[in-house]
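As structure tokens, here come the structures.
Each of the next two complexes has chain A plus one more chain, namely chain B in the first and chain C in the second.
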Partner chain A sequence: MPTSTKLYGTRLTALGIATAIVLTAAFTLAAFYAPIEADQGFSQKIFYVHVPLAIVTLGGFVFGGICAIQYLRSGDPRHDLRSYTAIHQSLIFCVGALLTGSLWAKAAWGHWWVWDEPTLVSFLIVFLLYATYQPLRFSIEDPEKQSRYAAVFAIVAGAFVPLNFMAVRLADPLIHPRVLNTSGGDLPGDMKLAFYTAIVGMTLLFITLYKVEMTGKHNRAQLKALRRKLTGDGPAIGGRSAAPRVQGS
Partner chain B sequence: MSDNLPDNAGYVAAAYLVFVALLLVYFAILAIRSSRLERELRELNELAAARQGEEQGT
Partner chain C sequence: MSTATPPGTLAAARAVLSKELLLERRAPQTLVAMALFSTTAYVLFHFALRRDSVDGDLASGVLWVTLLLAALLGIGRLFVADRDEGGLDGFLLAPVDRTALLFAKAASLLVFLIALQVIAVPLFAILLLGPTPDAAGWLQLAGVLLLADIGIAVVGTLVAAIAVQTRARDLITSILALPLLVPVIIGAARASAPIFAAVGAAAPAGRWLAILALYDLVFALLAWALFDYLVED
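Presenting the complex of A and B:
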């Protein structure tokens, strides 16, 4: 019987350290290396936290959709768990992107929110769409049905994300800047360095937290299975839950 | 805002604080979950040790 209480691997520790280093480097570059933008002044520094958060959010939603496709193809509940975790986490990043965006809007345009701006409204629609994911799961009691319906939702919503992104690109911007375009964006080199470092850092943060969540869920499932084995109880009949049921070892 | 700080520094600080606050809340939740797991693991280890003792006694 193992006596160690260490629940996380060394690879995860290394990933966590790398995330902390890259994010710290990104924010240091943003604060001290990237120049102050001529139009917006100092408030443009919010860009280095807001845009990476938004990009990683959308990437996470698409990843959730891809995992859902894998679930429907294979029926393997691990893919459902991956999809659930990615979407759950992207939603938290989405809250961060909305809050930081709102602060930036107030600083730059004098308003907390601009309803005429397609970029802002479309991002809010994506957030509200995914906010229904958990209630959808929770409303279905049968775990298999829950996973299947949630996968269909994740695929449709995941496909909506890039379509929505492209539609917004085609629309005329009102005031929200277009940072990334086919010619590589309008950012000067020193801003680009800070920005891309921030994107890498935020992606690493997403991956680290995703791995922590997955490890935690597996550990909990294994402990439950071990408890059942030791106490001689039958299979657990869990109450209704939005989270997928993880199989123990 | 102080004269030494650039314009809108408060909003910039608030945006980065929102990010840090979200992270801290997340870490706090993770820490609570982790300590719960460790407690459960300890209980199971004790249960297993007690079982082993009983088996050796019989």
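Presenting the complex of A and C:
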């Protein structure tokens, strides 16, 4: 047995169950426990999906940037793989945040898109930037160079995010009441409980999906390595890929 | 016999910068293309907007979109000659700090941008801009332009160094540089809008200049920290 298999995928079931429980609890709390918001009515409930999605997205991008720094310092391809997976997945969460934001805008203000909601606009710009991560990786053939350049990108983009939020927030004076206040600072207590549970649940969801993705990648690499061992072929030369190569044992 | 000491970072940067400028003087390419592009863009805006003159926010937007897209042309070509003709390899063989290349390239892009604007901004005033700003207005505009140019030069150099190593160089340059430069456009366009106002022209608000300066600082430091990883081969 290759030793590296036992590290991956062992606690996935437990993690998955925990995620399901916390998310269910969060949405139950949001639907039945948290009060109906006075201005917006029931449609404000999307807040408990949208804002956690947005926060987890940003957290994922930051994590991807930190992994990229570690990659540049150590040259260890595992850090690159982490950075790649985190950014890739955050991009998907980012789309989720944009779609739920758009739905909320439609429900609350009657338009699918509102330019004077700075957080939403910032998210669109951040999405546009991170959407180039995949094409950038794909267009660099040499795997080592690909990892290095992707890491530089991840760090630059990580620094870009707060600057961009600042610039966009300054650009559009706030017209609407800020229910979107990300710190949840002015939320009443019973809303807070549902909101924080939703953040924990969404974070767990991100971690679970991240682990599933990492396990899948390792299993596939393992399988390839074993297959090569069986058939006695030399090291396989893969085609062009945007994903980092995973070391099979 | 004395052993030659390798040139310092600044001396190396100066040498590369003068090479860049000499190349452009001998066979003007980038600057001409950027200037022609800007002029064509004004013509396009005239027809697309159906306006003979613009002022305020609209003027600011037209000018900055034009300048940004023209800058993309310069960014796209920044490292191409070095890569194709082996200048990059030659630089890597030289016993100098790699940061010198960053300094030189960013400085040359900055010079190109300023040279472009010396042509393109007066042309904008003649072709499209409604009321021409007074001397103080021009001075304020020059300040905004300079702050924005530094940001574009730094980020542009970083993007160009990344994009030149990819297969889809042009595509990567545009899709990478445009989102990264959104804060520059926000700051620069908002800062110059009051200068172009038809009535009651005013000085740019300090916070936009602050945003531009902060952007310049953050990305200059980042570029300094990360550039070495982009030229190691």
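Heads up, the rule we're going with is that the second predicted complex is superposed on the first by the 216 of 249 C-alpha atoms of A that agree within 3 Å, B and C clash if a C-alpha of one lies under 4 Å from a C-alpha of the other, contacts with A are read in each partner's own complex, and residues count from 1 in each chain.
What we mean here is this: a contact is a pair of C-beta atoms (placed from the backbone, for glycine too) under 8 Å apart; a residue touches a chain by one contact, two chains touch by 3 or more.
Remember, predicted model here, so these are calculated numbers, not experimental data.
Of the two partner chains placed by the overlay, only chain C lies in contact with A:L136; chain B stays clear of it. Touch criterion met: A:V49 reaches chain B, while chain C stays clear of it.
In the superposed pair of complexes, A:A242 makes contact with neither chain B nor chain C. In the superposition on chain A, contact is made by A:A167 with chain C only, not with chain B.
In the superposition on chain A, A:V212 makes contact with chain B only, while chain C stays out of contact range. By the document's definition of touching, of the two partners only chain C reaches A:I155; chain B does not.
In the superposition on chain A, A:L226 makes contact with chain B only, not with chain C. In the superposition on chain A, A:A20 contacts neither chain B nor chain C. Residues of chain A that lie in the contact sets of both chain B and chain C are absent, per the superposition on chain A. Chain contact summary for the complex, chain A toward chain B: residues 1-3, 5, 7, 27, 36, 41-43, 45-46, 49-50, 53, 92, 95-96, 99-100, 103-104, 106-108, 209, 212, 216, 219-220, 223, 226-227, 230-231. Touching chain A in their complex are the following residues of chain C: 158, 162, 165-168, 171-172, 175-176, 178-180, 182-183, 186-187, 190, 207-208, 211, 214-215, 218-219, 222, 226, 229-230, 232-233.
Partner chain C is touched in their complex by these residues of chain A: 72, 125, 128-129, 131-132, 135-136, 139-141, 145, 148-149, 151-153, 155-157, 159-160, 163-164, 166-168, 170-171.
Taken in their complex, chain B has these residues touching chain A: 6-9, 11-12, 14-16, 18-19, 22, 26, 30, 33-34, 37-38, 40-42, 44-45, 47-49, 51-52.
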